[in-house]
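Naming follows writing order (A, B, C, D, E, F and G), and every chain is counted from residue 1.
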Amino acid sequence: MQGQAQQQAYDRGITIFSPDGRLYQVEYAREAVKRGTASIGIRTADGVVLAADKRSGSPLMEPSSVEKIHKADDHIGIASAGHVADARQLIDFARRQAQVNHLRYGEAIGIETLTKEITDHIQQYTQVGGARPFGVALLIAGVEKGTPRLYETDPSGTPYEWKAVSIGADRAEIRDYLEENYREDMDLDAGIGLAVEALGEVNEDGLAPDGIGVATVDVETEQFSQPSTEELEEILSEHDVLASEGDAAEEEE
Amino acid sequence: MQGQAQQQAYDRGITIFSPDGRLYQVEYAREAVKRGTASIGIRTADGVVLAADKRSGSPLMEPSSVEKIHKADDHIGIASAGHVADARQLIDFARRQAQVNHLRYGEAIGIETLTKEITDHIQQYTQVGGARPFGVALLIAGVEKGTPRLYETDPSGTPYEWKAVSIGADRAEIRDYLEENYREDMDLDAGIGLAVEALGEVNEDGLAPDGIGVATVDVETEQFSQPSTEELEEILSEHDVLASEGDAAEEEE
Amino acid sequence: MQGQAQQQAYDRGITIFSPDGRLYQVEYAREAVKRGTASIGIRTADGVVLAADKRSGSPLMEPSSVEKIHKADDHIGIASAGHVADARQLIDFARRQAQVNHLRYGEAIGIETLTKEITDHIQQYTQVGGARPFGVALLIAGVEKGTPRLYETDPSGTPYEWKAVSIGADRAEIRDYLEENYREDMDLDAGIGLAVEALGEVNEDGLAPDGIGVATVDVETEQFSQPSTEELEEILSEHDVLASEGDAAEEEE
Amino acid sequence: MQGQAQQQAYDRGITIFSPDGRLYQVEYAREAVKRGTASIGIRTADGVVLAADKRSGSPLMEPSSVEKIHKADDHIGIASAGHVADARQLIDFARRQAQVNHLRYGEAIGIETLTKEITDHIQQYTQVGGARPFGVALLIAGVEKGTPRLYETDPSGTPYEWKAVSIGADRAEIRDYLEENYREDMDLDAGIGLAVEALGEVNEDGLAPDGIGVATVDVETEQFSQPSTEELEEILSEHDVLASEGDAAEEEE
Amino acid sequence: MQGQAQQQAYDRGITIFSPDGRLYQVEYAREAVKRGTASIGIRTADGVVLAADKRSGSPLMEPSSVEKIHKADDHIGIASAGHVADARQLIDFARRQAQVNHLRYGEAIGIETLTKEITDHIQQYTQVGGARPFGVALLIAGVEKGTPRLYETDPSGTPYEWKAVSIGADRAEIRDYLEENYREDMDLDAGIGLAVEALGEVNEDGLAPDGIGVATVDVETEQFSQPSTEELEEILSEHDVLASEGDAAEEEE
Amino acid sequence: MQGQAQQQAYDRGITIFSPDGRLYQVEYAREAVKRGTASIGIRTADGVVLAADKRSGSPLMEPSSVEKIHKADDHIGIASAGHVADARQLIDFARRQAQVNHLRYGEAIGIETLTKEITDHIQQYTQVGGARPFGVALLIAGVEKGTPRLYETDPSGTPYEWKAVSIGADRAEIRDYLEENYREDMDLDAGIGLAVEALGEVNEDGLAPDGIGVATVDVETEQFSQPSTEELEEILSEHDVLASEGDAAEEEE
Amino acid sequence: MQGQAQQQAYDRGITIFSPDGRLYQVEYAREAVKRGTASIGIRTADGVVLAADKRSGSPLMEPSSVEKIHKADDHIGIASAGHVADARQLIDFARRQAQVNHLRYGEAIGIETLTKEITDHIQQYTQVGGARPFGVALLIAGVEKGTPRLYETDPSGTPYEWKAVSIGADRAEIRDYLEENYREDMDLDAGIGLAVEALGEVNEDGLAPDGIGVATVDVETEQFSQPSTEELEEILSEHDVLASEGDAAEEEE
């Protein structure tokens, strides 16, 4: 409804509403999220799964240095999509909040509590001048008193709780795949399978173990854990999304 | 009276009046409120009712994570419409004010007192530079010394007391419906009924129990309370606004 | 003398004079005052009267929540016109100054003293950057050592003392009416009568008791007091400005 | 030599010199002074006189509330022209400086000392960003160790000492009249006469006692004093500038 | 080499270099200096002379209030040209520095030391944002351990030491006159003579004793001293630059 | 996809996202990196190698003053490309962090830990207003508990871990050469050889010992070490990239 | 490659990179350096030489007040080119750093250490907003533990070490002359000779002793020293660059 010239007039400063009530800088930060490779979260009956596309552009780069999935506390993992350096700031914030909770209350922080502390932090950067919004979305996955929980944060600072969700590139395609194939009663292994299959849907040449990250928190141990490269290769192979050698190494700009 | 080119000249900065004495940034923040889904408040003889449209865009999203109605204190509920992350800031502010009142005076905060503390906070963001106004309206409902009270706050920081009111999308249609059907002597159940019927008016495919939120504070217990999903389904059915399966899951952009 | 294009160049920032020595932001704030409904003050031989048009746009709004007349101290009332949320800030400021005076000097604050503390506060917002001026005018009415006093403050921070004055919409028409009909020796009841008649002049469909506010401070009790709805109805009827049912409920945008 | 378009480029911010070395914001503030009604100061052999045009636009306004002449200390009067609210700030500043001098040194502040403290304060607002200059000029008149002194401050913060001077509207005409008729050896009554005659020169319908302010500080008592309305009427009549009833009440916008 | 349109692009803010490495705001401040009336400094074998054109525009202004020459310490005089209110700030700064030196080291401040403290202060206003440069140049003249010294400061904050120098209007003409007629071995009276003759060169109607200021610091007493009006009249007459009555009173805009 | 005029609208301020979610100021800072001469890092089985092109434009410049490789701690070297003065700030920051680690924990700082402290520091300059991003990339090379590690930081504040990498001019050509010739099991001498050969690839006139910098940290000593000029000459000669006299001294603009 | 219109878009603010990674404000500050008269530094086997063109525009100016060469510590001299007032700030900074070193470590500051403290200080003004870069380059010359050192700082904050170097006007011509005639084994007198000859190359009318400054720090005494005017005249004469009387006094704008 608004022409392009008019839109430009309202998108330069974060503290300004457009005549139709939108915050363009926050919407542009969402575009930065879409420019990042995909991350997926899936809540299953016995735990939560995080999976992320972390292909790098060069065989000389250490795959482990492409940071998409982080351990925030023993029982919480966080996957990100978007501006990598911004993600690191929020992950650090999350870790500090988790530690403060241990120190202050002698117990592990709740998943919802942590999520809301992060979204409050994000919101400040959308209302007060002098800084830009965070150009990153997070998936916060964990187990709280035996219950698996999965949250998303977006650049506006809104928290959402999901059964299954994806952030970053190809969000629409992956969501369609998840909506079709997700079942609330699936177990953790089925969840991992669904996640890698969804990633495979949007990577036609298949996935390499080095090119993806997977993490889980199960309801029994309540511990963040990541499969070994060998285990990952087996999983990818089992779900028919393992790339043949050479294919997975294509460039990412 | 003012042409569009001229309007643009005065709407970029919050601390600037237009030649006809308007604060455009505050008016644009009101547009952000209209972009949110509707919330309704109704004051009855034996309590206050809050109801909110909280449909999400995906069956994979946890309905409980769409935050439209919040408990601010034992005797106070707050419904919001507009920018979700901004609403969270004001709800947190409200909760802190309520707690401070308990600590300082050993008694529950008054509904009008709380409302005015919130509107004073909102006003600051419309006069002092360096931040944008809050893009959210609130309905503050509670019982104070046996009397039900219902307030609205808008992005300018003005408090209004209402018998029945709606904020967010479709405000005009819902107001017409409320003006026609509201009676001051209706009881709490009739109030709940009027609220869901009003929401039903603007949702032609009906409402799902997961897609709306309802809360009440009654004059006897002076306690915030929310019906269970089963109770909600019964209420919707009773008032002929229960969606048939599938209809209620349409997308919200 | 100045063309419109040139005017625009000097009205964007409060700290800037135009080439002809004007502060446009302050002048635009005066427009915000004119956009508010009218308030009237009248000083009589035995007290001061405040009256205000406080019609709301909806029968569902609580009339008492339309704030136009406020008690600032036992002996001082304040009526406002313009931006409601700004008015609340100045009223709060006035109440704090009145309380501080009680605490510090053990006596009630003088009407002129209070007025000047308020105008000094307002002036700061017109000279120092980082905020906009207050978009509101006040009438400050009280009795000081047996003498009735009536002051106006405007958005520039200038104090004026009046025998009778109006602020807000229809200022010119009401002033003409007051100049014609005011007599310094009128008593308080005559003052109330003159005030409601003046309001009636600019409300051709008459006034409803709920749609106006009236307050007085008389020289004997030196107490702020407001007539009951019944008393108001009687006064309106007596002065032939009582609206017939239904007429007074017209919309105010 | 400079075209209008080019001038505009340098007059928006106070901290900027134009290519020809001018500070336009200060020059525009001088225009604000010219927009104010005239004030006159006259130094005579036995004291100083201040006189000010203080006509108001309405018979309902209290003449005493039009503030043009202020007592700054027992021995100092200050008259102003220009932005009224700005004048109040500088008067308050002057009074505080006078009090501080009493407290710190146990004696009355010198007229030149006070003037320079005021001009230093004014200058800051012309060099440091974040505020606009004061849109007001002052005449500071007093007696210091038996000697009458008369100073002017302008919006640039420059102090001038005068034998006779006027600020505000009609400055050029009044100056011409003063230059023609001033004699250094005139006594205080002659000084008052010259002042009201000069004001009369530019008010063709004459002056009303309520429409002007007069104050003196004589060398003997060293006390600020203002004639009563009756005395003023007599003075005006004596000097043939007393307005006939009705004439003096014309509007001032 | 640079066109006018391009120049304009770089002269709005003090902290910005133009493409050819110039600071336009500082250069414009130099224009403010040229707009001031002339001041002259002359160093002779037995002392330094300061002389200044201080004609005022009105016979009613006290000549002593036109401040061009100031005593900064017993042994130091300062003459200024340019923005008067800015000059006052630097003179005050100089006096404070001189006093601090007495307090801290128990001896009079050196002329060069004082000059450099002033120029460092001036430089800050040309590099750090939030303020404009000082629109004034100073001549700092004094005797330090028996040696006469004469310095100039300009709006960039550069100190220069001179044998003879002029600042303000007509700088080029006066400099030519000084270069032609200055002799290092001239005595103080000859220096005064040269100064008033140089001023006379650019005031074709001659000089009035009230219209100029003269001060000296001689090497023997090391005391700042100013001739009386009678002595000044004699000097002007002796050097054939005394204005005939009436001529010297012409207007200065 | 975006035209040039539109791009310009979003690249002036660091805190602003473009409509497609990019931070142009960060991308331009990457261009500053490309304008710097190349630096190379290679991780081998028994240590890490840093090599840098440090030709200067003049035979009169001391080669040692062209700073491209720095010792950050006994076990860590850092090579830079881009804005030299910015690099110095980050190197100083790195050294302070390394020292603080020694003081606080009594042990050498980890390579990854140090890298992330540096990237967090860099990120702040891309999100908070009031400063520009760092226009420099770093290679951080060291040995941590017997394991060689090699990291890159870019102007966005993202850390990458590499087996072999180049920053600065000719990045693409050097990367191609490294990808073709790198073997994970090469020893330190082979690593040095590969580095100088890669630099030779893009310097067709060969390299002079004074025109390059080389440093290593080997897994045994865990000590930063740099070959002597003689050793360098031998290495260059051995790998056929030694410039004949005269050739290597060509200008660098 | 970039057109002029586009360049203008990126050179207004110091904290902004241009699309090709350049900081225009820093480059413009380099132009301010070129506008200054030349300074030369030469490192010889037994000491360092600084020489500077310090012609003034008037015979009435004290030659000693044209500051081009400064003593920073007993063993360190600094020559400058560019904005004189900026140079004074950096010289003061250098002196404070040298004194702090004496106080803190009881020994003289190293030449490289001092240079880097100065360049770090300069860099801050190129990255953090609110100020402009320093428009000056310095040559820092001294002897450190028996070794002569010669550094240059530029407006970006980059330090360079040189055998021989010039800054300011005619840099290219002087560099060519130095490259042709410099020999590392020349003694201090030969260095002084080379410096004055180089200055003579670009001053076709020759040099006057008053129009240049020369300073040395020799390796034996490690003391900053400056030749007397007589010695200078002899040196100039000996190297055939002594101006005939009158020639050297031409104007410098």
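Note that contacts are C-beta pairs under 8 Å (C-beta built on N, C-alpha and C of every residue); 3 or more make two chains touch, one makes a residue touch a chain.
Values in this document were obtained by computation on a predicted structure and should not be read as measured data.
*Asks:* Determine whether subunit D and subunit E, two copies of the same sequence, contact each other through the same residue numbers or different ones, counting it as same when over half of the numbers at the interface appear on both sides.
*Replies:* Different: fewer than half of the residue numbers at the subunit D-subunit E interface appear in both copies.
*Asks:* Could you tell me the distance, in whole angstrom, between the mean C-alpha positions of subunit C and subunit D?
*Replies:* 31
*Asks:* Calculate how many whole Å lie between the centre of subunit B and the centre of subunit F, each centre taken as the average of the chain's C-alpha atoms.
*Replies:* Spacing between the chain centres: roughly 56 Å.
*Asks:* Where in subunit F do residues touch two or more other chains at once?
*Replies:* 13-14, 129-130
*Asks:* How would you write out the ring, from subunit E onward through subunit G?
*Replies:* Result for the ring walk from subunit E toward subunit G: E, G, F, A, B, C, D.
*Asks:* Flag every residue of subunit F that touches subunit G in the complex, lowest number first.
*Replies:* My answer: residues 8, 11-14, 24-25, 28-35, 58-62, 64-67, 82-86, 88-89, 92, 125, 129-135.
*Asks:* Please name which positions on subunit G make contact with subunit F in the complex.
*Replies:* Residues in contact with subunit F: 6, 9-10, 13-23, 116, 119-120, 122-123, 126-130, 151, 156-165, 175, 178-179, 182.
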